[in-house]
């Protein structure tokens, strides 16, 4: 059972095309810096954030892969990824660049139910 | 064959939730006022603009049904609606509040090809 | 109960602000307290004092001001989301060498910590997104 | 050929502005002429002179200015879309009793007629949407 | 118990499917804004298993011409009812 | 001949299907921004009938880690190639 003080931040948007992913990660980092226990869930297009080989944009846009590299520094270590979203995009956990835990559909409702707060980006 | 000077304005967003539909209609009205021959195509969620019984929003937001009532005044009379989009939403041409021509998938490429310009909203 | 709202949609581009305002009034009518509205993502555009909507459309900026006045609600605007989008108060304008500003009290530029804080201290947090 | 671009996405919220800028430079490099950029929908937010993006991110506003200077490109902003979103030049600010303005030349508030005109007179019109 | 808010039409967005996969057996769903198109058949079929805990915001139905069109398993609710739902559930999650 | 621009991933948006229904037999498709996810299988299957006239913007592929992942029927193209496509086609239609 999860710690009931956990904050769940759901990331459903891909990197580079919009600011949703970065703005969601910023909430997670700030919450962690304030001592919250943060769980990240990559869902839908959000799983694209975990694809390896990402780069800065052609005008120097930072993307979000550099932010993901900082998660451990902020003690954000519980990183889940929706297995169905990965499969739909032809991805496997093994080829991702970050240490993440795949979750199946039956686990999702419990993950939401046991979090003290949920931010959905 | 369409007049090659025709401007096609494609409306793919539903009323009330965003400004896309109204902003697309504004382009159509201005083009017609400047003497352009305008064809409207309602596609995807855009067909919801034609549903009867629409009202102003609860804060007095105008919606777009009042704008649709002005189309004839601007000599915009070629109004097409994608039959497949209607069917997917359980709508039939008979129950729509405006005089529109349903078009089938095989007609769509020709409609785009013969228009002198296309605005896609 | 103590409520907080998060508004992520820009005014006039999306219905999110309208929905948030309607919900705000309804919760006050039911005797709850609206402590905080936090503007994030394109929601920061709601804080502009320069908006000039047509006369026949609701003036969202004025509606937020009236709400803050009557309910004592804090109108918090994420400063990082705001500055890059051209929303700045007098202090930040001076700091960045900008010739004018478009955010003034009761709208207040603040950090994301305030959003996290609201999620911890309020009984309910409801988000309106575009 | 004579090109026009339509930008409908807000800066920093969506990649549309970045893509439009990249395309603008590429078409100039190929010897074409960029006559017009028309800002509509949330694209009007690109015209703000108050944007203060972080130092390590591209400054889109400056990039538009340099483009206008070097290519003589007209930067047209739909006035109806702009005013309701809090984007106003000096003249409209005065007319609506606003205490400041955030749009200045070379950005120019104008009507949708200019967009229709661009579609008739330019050889190519390419739209970048959010 | 969570209240899920959905503001997208299932006809054009896949987010309703993601949301459904996260919903617990007691969770409630309120359709708002463009989400109310999902209160009307054929789209409403997606939510038929949620009878008794699927709601749609009345004022958003009305402005879109959908009053009286709701599927039988979707309950129209006014803005006060929306507030009541947030009282009765512990948390609200917004899907967009 | 029309150049269609698509900036949405087929995995989460239905707009690719609407676009395909409007495409003529000679029309071309350029995937940009999030649209480039559609250049990679399994999503790319949607465009397999467009071999020879389906392109993806190289710089958007690169920033997303997709360089070298394109399906065989999708041709990567740099920004100059994008401009060339707009030269060779009469009109551009953007889908979003």
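The letters A, B, C, D, E and F name the chains in turn, as written, and every chain counts its residues from 1.
To be clear about the criterion, a residue touches a chain if its C-beta (ideal position, glycine included) is under 8 Å from a C-beta of that chain, and two chains touch if they have at least 3 such contacts.
This one's a predicted model, so the numbers in the text were calculated from it and none came from an experiment.
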item: Those chains which touch subunit F and also touch subunit B; value: D, E
item: Smallest number of contact steps required from subunit A to reach subunit F; value: 1
item: Per Cα centroids, the chain farthest from subunit A; value: B
item: Chains most often in contact, by C-beta pairs; value: C-D
item: Relative to subunit C, chain with the most remote C-alpha centre; value: F
item: Fraction-based call for subunit D against subunit C, same above half, different below; value: same
item: Between subunit F and subunit E, distance of the C-alpha-averaged centres to the nearest whole Å; value: 34
item: Mean-CA-position distance for subunit D and subunit A (Å); value: 34
item: Centre distance in Å when subunit C and subunit F are each reduced to the mean of their C-alpha atoms; value: 38
item: Chain centre separation in whole Å, for subunit D relative to subunit B (CA means); value: 26
item: Where subunit B touches two or more other chains at once, by residue number; value: 16-17, 19, 44, 57-58, 61, 117, 120
item: Subunit E residues counted as touching two or more neighbouring chains; value: 7, 11-12, 14-15, 33, 59, 79, 91, 94, 96
item: For subunit D, residues that touch 2 or more chains besides their own; value: 12-13, 15, 22, 41, 57, 125, 127, 129-130
item: Chain pairs that touch, as defined at the top of this document; value: A-C, A-D, A-E, A-F, B-C, B-D, B-E, B-F, C-D, C-E, D-F, E-F
item: In the complex with subunit E, residue positions of subunit C that touch it; value: 1, 3, 8, 15-16, 19, 22-23, 25-27, 29-30, 32, 124-130
item: List of subunit E residues in touch with subunit F within their complex; value: 11-15
item: Contact footprint of subunit F on subunit B as seen in their complex; value: 12, 43-44, 84-85, 105, 108-113, 115, 117-118, 120
item: In the complex with subunit D, residue positions of subunit A that touch it; value: 16-19, 57-62
item: Subunit B-touching residues of subunit D, taken from the complex the two chains share; value: 40-41, 80-81, 111-113, 115-117, 119-120, 125, 127, 129
